[in-house]
Amino acid sequence: MDKLKRWTDMTWIDINETRGEMIALIPCGSVEQHGPHLPTGTDLYIAQGIADKLAGAGLPCPAERLVMTPPFFHTYAKESDAWPGTLNLDGATLALAVRDVAEGLFRQGIKNIVLLNGHMESYAFIMEGLQLATGDKSGVKAISVNWWDFISDGLIDKLFGDKWPGWVAEHAALTETSIMLYLRPELVRMELSEAGVIPAPLPYKIFPQKKETLPPSGMFARADGASADIGKILVDEVVNKLAPIIEENFRN
Amino acid sequence: MDKLKRWTDMTWIDINETRGEMIALIPCGSVEQHGPHLPTGTDLYIAQGIADKLAGAGLPCPAERLVMTPPFFHTYAKESDAWPGTLNLDGATLALAVRDVAEGLFRQGIKNIVLLNGHMESYAFIMEGLQLATGDKSGVKAISVNWWDFISDGLIDKLFGDKWPGWVAEHAALTETSIMLYLRPELVRMELSEAGVIPAPLPYKIFPQKKETLPPSGMFARADGASADIGKILVDEVVNKLAPIIEENFRN
Amino acid sequence: MDKLKRWTDMTWIDINETRGEMIALIPCGSVEQHGPHLPTGTDLYIAQGIADKLAGAGLPCPAERLVMTPPFFHTYAKESDAWPGTLNLDGATLALAVRDVAEGLFRQGIKNIVLLNGHMESYAFIMEGLQLATGDKSGVKAISVNWWDFISDGLIDKLFGDKWPGWVAEHAALTETSIMLYLRPELVRMELSEAGVIPAPLPYKIFPQKKETLPPSGMFARADGASADIGKILVDEVVNKLAPIIEENFRN
Amino acid sequence: MDKLKRWTDMTWIDINETRGEMIALIPCGSVEQHGPHLPTGTDLYIAQGIADKLAGAGLPCPAERLVMTPPFFHTYAKESDAWPGTLNLDGATLALAVRDVAEGLFRQGIKNIVLLNGHMESYAFIMEGLQLATGDKSGVKAISVNWWDFISDGLIDKLFGDKWPGWVAEHAALTETSIMLYLRPELVRMELSEAGVIPAPLPYKIFPQKKETLPPSGMFARADGASADIGKILVDEVVNKLAPIIEENFRN
Amino acid sequence: MDKLKRWTDMTWIDINETRGEMIALIPCGSVEQHGPHLPTGTDLYIAQGIADKLAGAGLPCPAERLVMTPPFFHTYAKESDAWPGTLNLDGATLALAVRDVAEGLFRQGIKNIVLLNGHMESYAFIMEGLQLATGDKSGVKAISVNWWDFISDGLIDKLFGDKWPGWVAEHAALTETSIMLYLRPELVRMELSEAGVIPAPLPYKIFPQKKETLPPSGMFARADGASADIGKILVDEVVNKLAPIIEENFRN
Amino acid sequence: MDKLKRWTDMTWIDINETRGEMIALIPCGSVEQHGPHLPTGTDLYIAQGIADKLAGAGLPCPAERLVMTPPFFHTYAKESDAWPGTLNLDGATLALAVRDVAEGLFRQGIKNIVLLNGHMESYAFIMEGLQLATGDKSGVKAISVNWWDFISDGLIDKLFGDKWPGWVAEHAALTETSIMLYLRPELVRMELSEAGVIPAPLPYKIFPQKKETLPPSGMFARADGASADIGKILVDEVVNKLAPIIEENFRN
């Protein structure tokens, strides 16, 4: 199996027959500027790509029970709202959308959810949506995962050493660029990955956003040093750690 | 050009350079049971497929200015909520989501929107979202289109004659099945399109939905008589009529 | 009995004594331009008038158990917002209002609801309100009815023949004018029903609304040919079909 | 002129021609138990009745510019929710509904609003709706009026002397019963106005409401002593004081 | 004991051990202009001060079971929005905030709530919040109290005689100033309590607020005659009446 | 000056006279379990304590222009909802509350806001509130600050060395305990700070929360090694860095 099954490619009868065992995987991304070299859909493409690798990894994971639901493309990336290309839901809208979909899954007898998130800034609103949907229901379980939480400091150090800018600057930079070079190379234009002069990051936020404090390129750190090989290492790491977590949490 | 450009495959710089002229096409579908033979993503796949045909039709349409934004998969299909496979947003959530995205497009300097809808039941909530976003703004324009509004009674009569069950029953039936056979044949399983015994439709709605008044198969009319050839005729008709409307509404 | 009992004319003790058997009929209209000859309350007056005829029809219908609740005057008629005289609730407000009232009825022990709707455009929001209120409650039942869903194509053909403009244009035109001439003739000024030059209808919507695409009179089709006699035929048809549906759905 | 003009009886052209000068009068009531002798629509019937008297009073008031908009029947009467017959909107729904309608009036060029309220408990939510709609708009003006704010302590003393229970207990009691005997005698059943044993009122509220602290009849004070004559005196007092306020606030 | 225990000074283990018996007292105030001589926090300071006196009064009240939760500072004081110093929540926000907190208390096993309110205008929104949180839950009880509802007309007459302006004008005037002189004298600057020329109060509201109808000082009545001694009498009265109510309502 | 001025201790005239220059400092905390040894108000007490130190530090900071607004006690701490003592607003409620208050400040002519946050989990909702309030307004500026963003890795290493558990586990542990020992020692009960057996942290979240994956004490790391001296170093570090940021951002 190369790819996870897609909910939207299945008939209702397919879903009906498998829903008791099904683990619904909800990929969440963003529609957000990702520098001059990565597409605005990067965060979702990474989440979906990792999910598909999970299906084919042959690991102790109930991959055949996993079904990828329709994704959340639009999430919450207001820190990038100053760049064309970013599209957002308000925080409350996003939380309601996640709530509605998770409640719908439970109402239809799907008891198991894995939400795989590719964009940090929307995380709190997504959690709120899951919280509102699960409440203190019994018999259902949702786990939420940020792919970067599986990358250890040790691995980062080994891969990037002194070039590592810290996770806080890791937007369209070393890890995301590497993973996209591995998963979706046709969408990466490395020749354009010039970060330009990056203003020193501020330890606080300003509202309304002030252009002069933001990096003109949309990159908070450089991407040179990124490679498809590194991307594969990162994705493998996530897949290898995530597979047994799914196995353990959704054992029948 | 075979396919419309995808917003999420473009970088923010691509979008920045083209936004003044850009016509953002928002495809809206549903995640909804479509009988035993069509996938739950049918409504969106049709909207996206029509959009792509528009790009390659060589018609007097500014197709090169069109960009497909990320779709709305989840919309409002509560009449199908009794069948597994259907996932919904509440009406208010859907209207807010459409509002947020349309406002975001306007805020970033995109002045032209075409919303291409593939699912009837969500239409009012989508309209409300566009209404809330456009208000009485000047300098922006959104048009919303249901593909079936371009199919004349004459054409229906010519294609289906007495077999035509009326638009109200046209869910997973003759038109949708034909179009899917044309656009996404790999997802259609005609051998399963058995509608079974279809209860006589009620001229009113009951809440909560009562299973015994609903067709077990999810089909409100039979699909036999559907074909890819008919699907092509229908799609061509929509494309031929929609192209000049876009040309006329978004002339520079 | 000439008229249905009105909830707001009853004391709480009247309601208390009858609530176990009561069928609450909620009339929904709009506050919306209806051309130069019909009042802005037309849609509600029609719904209320039909309800009253139901009471006096002597049909197999539990009319004595029906009580007309306070109406929804304000609903959703944003397509007419460009004409003075139209007043609207936002879609979300309308759905909440219907939800609150239906939940209140259920909370007080009324188990049976008939919502009789006179305005197409607000229908989805009203459905959503009923959906939110009923959820999967047991022991309660709401049915929602659009009066025009009881008028067959055959009857339309017999009454109007070639003059029939299609339901989509039937706003302040043949059917509504006829019914008002029958039910509330004192409010109709036929001498003013000049539709003027009606622009060809567009198969799509534009936001913000553009005045030049709208008919100046507010009529999308002419009303000449309307008559009180036809109005009576239409109302009788609705009443004759609706009565047994109520009988069947709310049998004790 | 006997009655104020009704918005819903006018055509859009009537409204268009008069909107520059129009003063829109919005009657607000409640759907609420009013003891064994008064109908649940009492609060609205009083507001509408006062408005109609205003039209015919021949006072220095621009009555010919007044138009009665569709009423708010459903408001907020949760303190009476324990009695069948009461129907409520949630507070937020009510505020939104008032906001939507007032904004609609302003959007259509009506610059002057008088909201005439007949039910105390919903007042804060109605104020909030007007507040949200007016914001700091210029060129528009809304005034809100509770009819009882025009009844002086002196008049109350003269009319009721020692029988006066205080305004806080004046629900379905002396003033409302008198006014209904004057305005809508056919809806009053004085022979049933037995208040029964009325528990001593609590100087605090309990949630959830406890039946044993509430008067079984729904009356917090007795109605004997009410009369149509007193009702006329009260209504005249309101009309006499309100007319010049409208004159003064909406002078052209 | 001088002061009630504060929830925010306790550890979760303290709260856990006492929650079965605990009576959570929620103080509600406002952030609102209170004339030239009283601080903007006056309404909350009074509510908190009364609560603390309750703790030390040695009355038949389970004061040792009372815990003061974090207060609601920001409430709803839009009638004072024209004066700098006033900060408000929208009505819907306030109701949601009260709902969330009360639901949280119930969810954690606190079954008893006393809400002590110091600001009239926000009362309806606070009630709505409690109403939404309690619904028809069993096993929980919330009572809400306005301190002024315990001050009898007789006491007012004895203390203020002819100087009494009526409760409606009692904002930053005789009672609030007296209580602050007793509870928080260091925050009162009596030398500045000059009310200036106070416009005659209107028996209706105007939106948007018109400055010329409002008293420039923010006082609707004079404060001279206020004293700490009177403040003590008022607070003692509230405490003496409230203590047995708490005793009676929350007896184990 | 020892303490920042409090908005709620000022009269409206005080605020009026200073509002043009005023920098409103909004302290945000949480009501949340903080282990067996720290009070549930810890996060707010830290934010307020830092603010007060800022006032007395004699640094190049316009401390005399700073005014502390009423705090947000209740925020969003749903990860601690399983422990008694935690009280939460829903995410949407919190965002609305912050929006309302910030909009109120702007409406009243306060142009400068510093939001000082003491609780990580509520940060996204607070940002959303500021975002909604500031939009693209001109002439206003809000900065938001988490105190921990001023503590460098180097300082952490120097103070705690190998004992440092990582920020993610820093709840009621080394930094918060130290700062409370410095600022509010009377509220700390170090003798109870026994973390007990702490389950290995999960790199993902589970909904509904499962007790067995949570540390029974509420501590995710031990607090031994915390001291008032360290607390002073941490607070000084924040104050020393924050002061010039305020100076620079709000220079007249």
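Letters A, B, C, D, E and F mark the chains as written, and numbering starts fresh at 1 in each.
To be clear about the criterion, a residue touches a chain if its C-beta (ideal position, glycine included) is under 8 Å from a C-beta of that chain, and two chains touch if they have at least 3 such contacts.
Bear in mind that the values here come from a model prediction, so they are computed numbers and not experimental data.
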Between subunit D and subunit F, which partner chains are common? E
Chain pair showing more contacts of the two, E-F and D-E: E-F
Using mean CA coordinates as chain centres, what's the subunit A-subunit E distance in Å? 48
What's the distance between the Cα centroids of subunit C and subunit F, rounded to whole Å? 55
How many angstrom lie between the CA centroids of subunit A and subunit F, rounded to a whole number? 29
Subunit C residues counted as touching two or more neighbouring chains: 90, 92
Within their complex, subunit C touches subunit D through residues 6-16, 19, 31, 33-41, 44-45, 69-71, 73-74, 81, 83-90, 92-93, 96-97, 100-101, 104-105, 107-109, 187, 189, 192, 218
Which of the residues in subunit C end up touching subunit B in this complex? 76, 78, 90-92, 95, 121, 123-125, 127-128, 130-137, 140-146, 149-150, 203-208, 241, 245, 249
